[in-house]
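Here the structure comes first, spelled out in structure tokens, and everything after it is commentary.
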Amino acid sequence: MSLLEVNDLEVYYETEDGPAQAVDGVSFELEEGENLGIVGESGCGKTTLAKAIIGILPDAGYINDGSIGFKGDDLTELSGPERRRLKWEEISMIAQSAMNSLDPVYTIREQIVEAVETHRPGTGRIESDQMVTEMFELVGLDPDRADDYPHQFSGGMRQRAMIAMALVLEPSLMLADEPTTALDVIMQDQILKRINSIQEEINSSMLVITHDVSVVAETCDRVLVMYAGKVAEEGPVEEIFNQPYHPYTIGLKRAFPNIRMTDQDLLSISGYPPELVDPPQGCRFAERCPMATERCREEEPEAHYVNGLRSYCHYTDDIDTELRPYADDARTWNQTAAAQNMGGD
Amino acid sequence: AGGGGGDTSDGAGSEGAYTYVNNAQSYNPPRHDAINVIADQFSELGLDVGVDVLEWGTLFSRVSEEYDYSFATWHTFFVSEPVTELNNLFNSANTDPGQGNYSGYENPDLDEMMANYLAEPDENTRIEQCHEIQRLLMDEVPMMPITQMPQAAIYNSNQVGNWQADLANGFNSYWTMINLEMKGGENTLKGYWPETLSTMNVLGHNDESKHVYQFNMLYDFLVQLNNEAGPDPEVSLATDWERVDETTMEYTIRTDHSWHDGEDLTAEDVAFSYNYISENEVPLYSTQSEYIDTAEVVDQETVRINMAEPLGPFNLGVANLIPIIPEHMWADRENPSQQNIQEPVGSGPMMFEYWEQGSEFAMTRFDEHFAPVSFERRFWRVIPEASTVWENLINGDLNYEPFGRIDRSLDQNQDNENIGTTFQTAPTFWMFTPNERQEPLGDKQLRKALVEAIPRTPIVDQILFGFPETGSNIVSSAFGDLHTEDVTEYEESQEAARSRLEEAGYTWDDNDTLQAPSDD
Amino acid sequence: MGKANFIIRRTIQLVVTLWAVGTVLFGLFRLMPGDPTSYVVSSQMTQEARQQLIASYGLDQPLHIQYIKFLENLIVLEFGQSFHSNEPVTDIIVTYLPNTLVLMLTAFIAAYLIGITLGVLSGWYRGSRFERSTVITALVARSVPTFYVGLIVLWIFGAGLGVIPMSGMSDLGTGGGSFLEMMFSLDFLHHLLAPALVLGFYFMGYPLLIMRSSMLEVLSEDFIDVCRAKGLKERTIMFKHAARNALLPIVTAAAIALGYAVGGSVLIETVFAWPGIGREMVRAVLRRDFPVAQGTFMVLATTIIFLNFVADLAYGYLDPRVTYD
Amino acid sequence: MKNDVLLEVDDLKKHFKVNQGWIASLMQSVSGGEPEYVHAVDGVSFNLHAGETLGLAGESGCGKTTTGMSLVKLHEPTAGDIVYNDKELSKATDAELKEFRQNAQMIFQDPFESLNPRMTVYDIVAEPLRIHDIRNETARVQRALEFAELLPAEQYFDQYPHELSGGQRQRIAIARALVLDPDFIVADEPVSMLDVSLRAGVLSLLDRMTDEFGLSVVYISHDLSLLRHMCDRLAIMYMGKIVEKGPTDQIIENPQHPYTQALINAVPVPDPDVGRERVELQGEVGDVIDIPTGCRFKARCPEYIGDVCDKVVPPLEQKVNAEQDIACHIYESAEGYDPYEQLADERQERNVDASDTSDDTESVSADD
Amino acid sequence: MAQEEQTGRSIFTDLDDSSSSKEISKWQRTARLWRETLRDHWGKLTDELSVKLSLITVAAFVLIAIFAPFIATHPPLQRQYQSDAGIIMDKWAEPAILGADTGYILGTTAEGFDIFSQLVYGTRAALMVGLIAAVFTAGIGTLVGLIAGYYGGKVDDALMRLVDFLYGMPLLPTVIVLVAVLGPNLWNIIFALIVLQWRSTARVIRSQALSLRERPFVKAAEVAGAGDWHIISRHLAPNVLPMTFLYGSFGIAWAILAEAGVSFIGLGDPNTVSWGTMLQASRAYSALEFGAWWWFVPPGICIGLLVISGFLIGRGYEEITNPKLQ
């Protein structure tokens, strides 16, 4: 049994124009000790997915359908108190902007101890202080500074404090939502390294959400590529990077410059993701896909399993044979970009 | 017509050729209203009048110091001695700013008549002289009483009775207080005033009634008056007096009296009080001090007062007004008018109990006094909201209304079963004063016409609910023999005013604006 | 920059501001039309006596001398003597200020406790009927003048039903005790009730509205999500985290509002015949009692400036992010 | 190297006074204390050649933005100067300054903040033309928008920024910068806020800019992968100073300064197969108010070699090869500068100081 | 442009810089900028029902004020005379709406003024006080705030010390003193209110300007060589406008409340009818005590209505300008 089993999950937001289908039929599994990266453009539903899993959807958001299996329980069926017990104890998170994720008016220690006391009421002061110290050391912070307020920490330190807090109850699943986006390279490097080593140590699973594919490449075992609330492609990190089958994955990968490769042209995927309130039928990427056909616009693609990957593209099987050179050529993408710009909106 | 427009007024006050200065509505609503009514009538008559509403301090100095007004109306109190007051108001020597003759009326004949009166020791002669003065004044009308304000005793009739007024202080007088009878087991006299007292310094107050009414009870005076306005040795500190010569008075003092703190009250104290007040030029008693030269102790029970100049009605003009203060408290005090007194020590029928500034002032009975009051305590509560007073009065939380407010509430409540009222004509009035420094108000005929235009009866009936009398003579009938009915009477009518003006050569232009006779 | 430094700096600023307030006040009162002695003198007073009086108040001296004198006195907190009562202004202030403070603070504290709580709840339960009704109540409370509500309350509950006293701080004829004695008497509380409720109702609206919008802002912060994810109870999140953070803007607002409240006390004091400093000030202004007017005004100004200062300090205490520069 | 230097930056310094109120300043001047400064940029020199793209890289807070802003006169430099067209800007006349303003433009990081939300696209782009009173407004605006690949241009004229996507906004910012036909542009992290799929488009636009306009660009970023992609030359900054500069490829492939090495090492690679050797750089950037003596990097430097690093500020000079300038003591200077000489001098000075005030052992020599 | 010739590469080289045929007028555009800004705000404002109702209320009051002479049945300060006797006033007429046969819709005051007409004319005073005070407080506050925030340094210091000083002045007492000095009339009350009330707007606008000044679009204009005034008027002002409106609409409410308070103490303009002076008069004549609620209640309701409208509009504005509150 997997640690986390998400099945056909649909998370919608109530909006004035109707429900926005932020997560629409997403399924995946996460094994114990495994790291899953979720990548995708802004607004494709990554954070929503994470929030649904940990159970902190805002008032406007609700789970429309599907299940979230966690250690055999369906999280969507649990009562409030049961659900609350699982939080942090079993599933913790490092939020999207860890810079602002600490309450500014309490010391770091108070905030960590609060988590401990909420879930393990019997814990004594000394014991919880001990836990704080341990965690601080683990993330490479000076335990003496646990009594500082968040604003006295730099961005990187705050991020580490956040990680310390997420780890304190040794949860079996951690959700890291853009753990390094706000940081500069050196800081980012330090944090990623921390995360990796800690994970080895406590053997928890992690869901790393990011839009930066290099972060995924460095930290994850498997990758889930999301597009407009749906899964585009999923599979082991090597496969995804070496030989992706979904055109979106190909485009995404090629949009990033690589410090080790100078000669590669960057490509941009023109246009915008579709509206989530009333998404187009068919493949959601069709509008921006340089290889889309009539079929793509009309028929929603099924999952295709190739080469250890799960890919939602009608032409998954044709990519290798016919389309890959075409898809790999930056001109293909940039032409459409120009065409779209010409065509106006 | 004037007063006709929130829309027409530019808010900057009067624009007219004449300015009628008015007090703020909140200060005295009926008078504010009456002045507006009169101004309306003046406009009707063809005068270009604007009403300037001023807050009281400004109004007072505009009129009495700057002479920057055309017409003024306020409440004038003539206390005890009419000609002293008239002399102050109309003497030609008093026309400098602040000196008292703000109307600017000058008449050497009148000056002489008043001087004669004041120096005249014979009472009957004085009465004659006073009648003359009244006749002259009411014909010249430098000032006209609009209403003769009554004094009113308004009280809870279940708790207190036997209200006898005196001339000067009406139902707040010494005489009233010592004659009151408490009823129904009540032993506290409970009054109010709309604002707080300012001071406990008997030599440093501003002569407002609220202070006078307290100090009259806290201190003794050589002479106290009865309800006939006559000096009454029965209830006075002096049991006898004698006019030794034109400038000398001798008073026989009670020897068995003491101060509130237990010290004996002696002739020394009396002499001290007179000397101290005149030597220190206490501003409050400056008028009185002018007549005091020295006071000396003749023997244990006799004090002699030497006048600086002869004053006929010395008892009324001075001895009734100078408080007797304890030498042992005051001897070391310099600059008496600016002393900050917290707990005054006097010898009057009531003694100081407490003073909570802004809330309440209370006195208790001084049992040793020769003219005791029948209640044990008297307190005054500060109550600015007029409407709450009546509530309290009816349910007995208050049992008398010292302010004597004449308004709709009185009109509506006077028949209440718990309320008793007693009225008495008083020597106080709302006056109408034209500023003679402004042309053509120096013209007697114009003044007379204006007086005729004043709707005295409607003001009394409508604004004051019929309580006062219409004004007819500047020396009120309250002064008894000093008053005479034989003075010029004025009609109340626009027509009379118009025809008088026409006769005097006034004309009206196309806009119906009054034009003074071109050639005087 | 340390806290001590900050306090010194603010104190200097406070002094300078007070000097400015005093100077402006001095100028204004000298510009006022009307003669200060007109209230002090009786109609019988002779001209010399009047001059003597003016001289004794120092009003005959040239303006700059008067000003220097005024400043000298200001430094030693000596506002002179009342023209009317000759009582030292300081004594007058000591008499009236506590009355105002008792009333204002009672109403204010109660209003803020209730207002803040309601604000927290309405921010938390946004979109609910509860929210809508509290917000409307708060707006109405702030829109009707206090003196008007006061008069109506007096009319209905005082004159009509007779359940509240009509005026003052104590029953008629019961004065004479010490201030403290009075304050803790039932009678006093009975008198305090109506004006404090009227004021409190009015004051309540402001913290409620501020707290509500402040809550809404805080609730959109990321750390609230983390608190939820931590599995904290809703109530803990609402009060310990959200409200605690949302409280910050209230502190400054409260100081300013209390300033307004104390400054505006004259209205309610007039209605309920409360012997407070606001009424005394207006009385002094209208009667040209300059020393008292200046003194009471300065006290009000000082209170306000001082409250702002305190608010800044409190802010620093509540918000660890504040550094004192 | 051909003499096509467009802009010469000469020992540029920009210090910010730590904010104080008037009372604090007053108290300070009474008590005789020194005001404190943030040494945001502390002696930076480089040349910008016509048509080249120069990258400025470094950790957050190292002074990249401040340098960039000083280049376009958004800051008045504290010391040092910028020479443009052979004229020192500090001595330039108003007319010359105006000309400079026409020729220096900047593109900012945040596309959501860099356009006035209350102006239409047309007004935004036309504004510089109006300021400089340039005729033919409409045609120029149109041309600039077309260049920025906003087609058809007219359609955008009356749109408001909030109606546009981040990428479009950044294109408008570029059009605004170009409309005056400038000589050089400072681009401060122009794509870091953009969604991945849009970045490449904006980047290629910037590329075209240098190609078709002959523009020089100063490209500021902490993303070395991007800089490698975009720039001809790179300058690496640390705490307000340049620690290494040279041709991009050389610096990336062959970094010399320990800081540069760490920086490049830290860049993640979007390729799971490429394992990085991960030397973690310890600690954080030092205090920019109270700057340390000697080399600013010494506390975090894995190659720290003792006293000389502590005491002597390493100058930026040619060391290992001809094109790369490095500010580090571990390499021998190719220009003949010997830091140890200065170290000795300082010691001596210190000794003199010490003997002068023998009881005052606390006195430390100031570093500059 | 020396450089241009050198490189010879410019996309603008073929444009004839002298031709200016199709230029769009600068003023036209500026006007449009403001018009669009206002329309934008207006549109958002009128989205909310409470705001819409408030706007309608205010509009209704404005209409009443404008057409007061046509709506009012009598001049507001004209004593109602009884027909024959000429100078006899009508004593306390009961309101016609309660069935009294007096011809006065809301009866008369104790002085014989028609209450309904006073109420109608009082609208003028209220709106005048409210609008003028609001426009000036918001205007001055915005200007000062912008200047202080934009220039910073000494200018900022000086202006903010002035604001601090004003914050030290208790509102009502200061207005009372000023009105006592200047004389009780409506303009002086308005003036006194303005003198004090701009302080809060200035403070808020300043902090906005401080942050706007650092925003990239302002920097961009600066880079392009824009002058101070250009930046203040075209970049800062339109962006602080929501705050100005917000404070303006609160200003209406405060000014009306303050006028009522000042009038209540008896320092109102005696020559103008305002709701405040009406209340004061009704109290001076103990209208409540006699149950003459038709004199006492309507002005209070009018004050409440207008003030709450001001608050609601302001609040609506606050919600649209601060997206976090939405």
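Order of writing sets the labels: A, B, C, D and E. Residues in every chain begin at 1.
Throughout what follows, contacts are C-beta pairs under 8 Å (C-beta built on N, C-alpha and C of every residue); 3 or more make two chains touch, one makes a residue touch a chain.
As the structure is a prediction and not an experimental result, all values here were calculated from the model.
Visitor: Return the chain whose centre of C-alpha atoms lies at maximal distance from the corresponding centre of chain B.
Guide: A
Visitor: In terms of C-beta pairs in contact, which two chains are most connected?
Guide: Here the largest contact count links B-C.
Visitor: How many angstrom lie between the centres of chain A and chain D, each centre taken as the mean Cα position?
Guide: 33
Visitor: Any idea how many Å lie between the Cα centroids of chain D and chain E?
Guide: 48
Visitor: Provide the C-alpha centroid distance between chain C and chain E, rounded to the nearest whole angstrom.
Guide: That gives a centre separation of 25 Å.
Visitor: Hey, how far is the Cα centre of chain A from the one of chain E, in Å?
Guide: 51
Visitor: Please list all residues of chain A that touch 2 or more other chains.
Guide: In chain A, nothing touches at least two other chains.
Visitor: Can you tell me which residues of chain E touch two or more of the remaining chains?
Guide: Those would be 161, 180, 183, 265, 283, 288-289.
Visitor: Mind pulling the chain B residues that touch 2 or more other chains?
Guide: 55, 385, 387
Visitor: For chain D, which residues are in contact with chain A within the complex?
Guide: 59-60, 149-152, 155, 165, 195-201, 203-204, 222-226, 228-229, 249, 252, 262-274, 276, 278, 280-281, 284
Visitor: Would you tell me which residues of chain B are touching chain E in their complex?
Guide: Residue positions touching the partner: 1, 3-7, 9, 11-13, 22, 24-27, 29, 32-33, 36-37, 40-41, 51, 53, 55, 385-387, 390, 407-409, 412, 455, 458, 461-463, 494.
Visitor: List the residues on chain C that touch chain A in their complex, please.
Guide: Interface residues on the chain C side: 127, 221-223, 225-233, 236, 241, 244-245, 318-321.
Visitor: Which positions of chain B touch chain C when the two form their complex?
Guide: Those in contact with chain C are residues 55-62, 64-65, 88, 96, 98-100, 188, 190, 195-201, 204, 206-207, 281, 283-284, 286-288, 290, 335, 337-340, 353-354, 356-360, 362, 377, 379, 381-385, 387-388, 391-392, 397-398.
Visitor: Could you list, by residue number, the parts of chain A that touch chain C in their complex?
Guide: Where chain A meets chain C, its residues are 51, 54-56, 59, 84-89, 91-93, 95-97, 100-105, 114-115, 118-119, 149, 151, 162.
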